[in-house]
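All chains are identified by letter, namely A, B and C, in their written order; residue positions are counted from 1 within each chain.
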Amino acid sequence: MSAIEKQRHIIDFMLSCLWRRKGKNLSLVVVYTFVIFLLASVMFFAHAIKKEAGLILRDAPEIMVQRLVAGRQTFIPESYIDAIRKIRGVQSVTPRLWGYYYDGQSGANYTLMVNADLKDRPGEILIGKGVTLRRATAEDKIITKKNDSIPFKTYDGSYLMLKVKGILPAASELVTSDLVLVSEADFGKIFSISRDQATDLVLQVRNEKELSTIAAKIAQLYPDTRPILRNEILRTYDAVFDWRAGVIIVILSGAFFAFIILAWDKATGLSAEEKREIGVLKAIGWETSDILLMKFWEGAAVSLSAFLMGILSAYLHIFFTASALFAPVLKGWSVLYPDFRLTPFISPYEIAILFFLTVIPYTVATIVPSWRSATIDPDSVMRT
Amino acid sequence: MIRLQNIHKVFNAGKPNEFTAIRDVTLAIDSRKATVFKGPSGSGKTTLLSILGCMARPTSGRITLKEREITSLPERFLTDIRRKTFGFMFQQFHLIKGISALENVMIPAYPDGEKHAALKKRAIGLLDLLNLSHKASAKVEWLSGGEAQRIAIARALINDPAIIIADEPTAHLDTSLSREFMEIMRRLKEQGKTLLIASHDPIVYESDVIDRIIGMRDGEIVSSGDHP
Amino acid sequence: MTFHPGILALLLGSVLTTSMLCCCAYEGARIIRNWDIRSGSELQLELERRTYLISMVMSYALGFQLLSLFLFIYTADSLSALFVGAMCAAGSLHVNGFGYPALILKITGFLLAGVWLIVNFTDNKASDYPLIKIKYILLIFIAPFLVAETLVQGAYLLGLKPDIITSCCGTIFTTDANTVMSGLIGLPRALSQAAFYCSTAITLLLGLVFYLKGKGGYFFSISTLISFLIAIVALISFISVYFYELPTHHCPFCILHPEYGYVGYLLYMTLLAGAVSGLGLGAVMPFHGIGSLAEVLPRIQRRLALISILSYAAFMLISGYGILFSHLSLSAY
């Protein structure tokens, strides 16, 4: 078909033109690729971490009840449990006992949590990966292993030695990194808590649709409590990561604008040689729309290569080097960084958004310069 | 074949640097004849050639090509006609650097979407006729002046046009190459092509290939005579 | 909310396209005023050059409209996680009063841009730009639609606040509510099926008549538009139900999800293709009398008719496939 042959000829010629001026075009492709790499990295990271959070929170309780006094969380009496269990739709109510422990030696905050399995084994603890990396001094890293003992400072100043009986699996690192599981007795020794108190209550509910109703009833029953729904947490995570990703994109807009200006400048700044070439093409029989076609394919070739390279390098960056460049900003500041490998999660949606944020502005920036160059008069070569 | 009536061409109309390149030219070009346009630079012969060759639209006046009026045709139609009817040779040759001679010859035919193999065959055939097939894959920067000239001719012939337009074709050639050029022109005329050449080189306008000489000055035709 | 990447992308793209479109409309006005094909003046040559630019921009704008239509739905879908009650795009669009109007304007904008490009293509095929003034008047008429679409979309996207409670497609696309939508869904299924099959059959028939005999262009064109609207109603009313294999799930957006093989894209694209080509055919019908178009116009229209026929046929095949091979049988409902 002649239309396809025509495209083929034009594409062939366009590729040879690009190749002949590879120096100039290369700089543009490099910057283009870099911009796409930055944007894609941000988006892949945010998307993957949202997905990861979603998976982990799948096992989180549907409703969690806290008690607030003067706006701060405080212990919730176990006597609340009976009334809450009687609410229609609630399957079970389980008290949880946990708190934060500040380790002076490492400067880190651990989450100390009572685990029912350790009830009959006082003196034993299970710890998360982050806890194993306690630092004695700035230089020395003491890696705690099984059967080592960790000293815990109690509320009255004495030290309680607790033996590490196990380290929590790496796969759950995102949520267990700073976790220390203890028995109820030991918890009571470290923090002075009277019995019959829980840090919060965890509810299991029969019907998902009843969640908000039940939460409302709890708040009515005990006005000093705050019920938190799992899907609220999910939504907040989503919003936070989206927001953070968006903020970074906006910050990157400086680089982005520089790129657009470069693209526009390159497109308008045709060298005399390039102008002559187009003039010759028009003189020997190419029409304006043929030149426009050639410019379109040129833009497509440049965009496509930059796009593919940018996305590929972003993919490798996020999923194989654990986002070396961004991690601190996106994860939030903390002393214990979980070393987690994000599972590669990308969707066509992300690719589409990247396309919109990069290829479309590039195309718009080059439309008028392309047209200007394509409308060079055919007789311009005669007049030189 | 081509008829011009009261053609005017004005550049930068209405501005301080307004310039009339062609002033009220009426002309008829016969087919199968060779015509030379003679005159000093600035006389308008290049502009006239570009109007004759459908490269530029006149500011006013009418043009007919083979009995069809083409004055107001939009560019895409004009280009189509130009590609099929005319072959151009420029003073500076204007071959595209960095690609092979063969590809240079094929370029004018790209927009027609002809199958690549057939087009290539035709291009090689033309190079054969001009004794240049051994240089088909050479880059044009490495060709000598005479070879470049012949590539330019081959490029002008790729679409088998009825009319050849050449603007100062011998400006960069020595005497023997210029004579050689006129011999090629003779061969083309014998094949039935119409030739329009702008030149102030005596080797061109005194050649017996030429049928008619048109003299120009300041955008007007000052003499038009058959070549004896 | 503004910082969601999808929203940024849509806003940026829309603003760019609309501003370029307004420039085009302005240039179009200039062309209408000063165009004179018979003149060889520099102004005329400049105007001719400008028409190339306008054609180019409109082609890109059309491509963008199509992409942004799907991106818009996709974004609404992915934002649904942030709204209580929403489980897919249907809920997100319901969050404020601008969501559904934005969607309708986007579809209309796409159709209008497509029709314009068809008129433009036809004009370019004639040797004296016979439709130049008509098409730029049309462009000036279309521009406000696209500006409105950008504004409404912007109002929708910027007015999204995460703590609003909205409904999911189960409650929007249901027979219980007192809305136009439920009225449509609540139609006896036999009626909507009959309407769909009849209208598509009529369209295909009229299309064949036009393709073979060249008659009835206007009827065919109007029929494609009616079929487009009926097909969308049919999708909501019963076709989607077969794909979901759930008698109460009528949502028109969930078929775009991966779990249904992205079949929604195929269905909507064939419908849009059919509608655009059919409408374009009708749009150029009045120009049969123009001399320079006498030869090219019938050829262009035949090709448009073919595209339209094939698109609607494809739509029927795909939905028919879904209905036949579904594990659901609606006879009991």
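Rule of thumb we're sticking to: a contact is a pair of C-beta atoms (placed from the backbone, for glycine too) under 8 Å apart; a residue touches a chain by one contact, two chains touch by 3 or more.
Source: prediction; values computed, not measured.
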item: Central chain (distance from its CA mean to the mean of all protein CA atoms); value: C
item: Winner on C-beta contact pairs when A-B is weighed against B-C; value: A-B
item: CA centroid of chain A to CA centroid of chain C, Å; value: 35
item: Centre-of-Cα separation between chain B and chain A, whole angstrom; value: 64
item: Approximate Å spacing (C-alpha centroids) for the pair chain B, chain C; value: 49
item: Touching two or more other chains - residues of chain C; value: none
item: Contacts with 2+ other chains: residues of chain B; value: 75-76
item: Chain A, residues touching no fewer than two other chains; value: 288-289
item: In the complex with chain A, residue positions of chain C that touch it; value: 2-10, 12-13, 16-17, 20, 49, 52-53, 56-57, 60, 64, 67-68, 70-71, 74, 78, 81-82, 84, 162
item: Of chain A, residues touching chain C in the complex; value: 42-43, 46, 212, 234-235, 238-239, 242-243, 245-247, 249-250, 288-289, 292, 349, 352-353, 355-357, 360-361, 363-364, 367-368, 370-371, 374-375
item: Interfacial residue positions of chain B with respect to chain A in the complex; value: 46-47, 49-50, 55-56, 75-76, 79-80, 82-83, 88, 90, 92, 94, 96-99, 103, 107-116, 155, 159, 167
item: Residues of chain B that touch chain C when the two form their complex; value: 11-13, 57-61, 71-77
item: Sites on chain C touched by chain B in the complex; value: 37-42, 45, 48, 124, 127-129
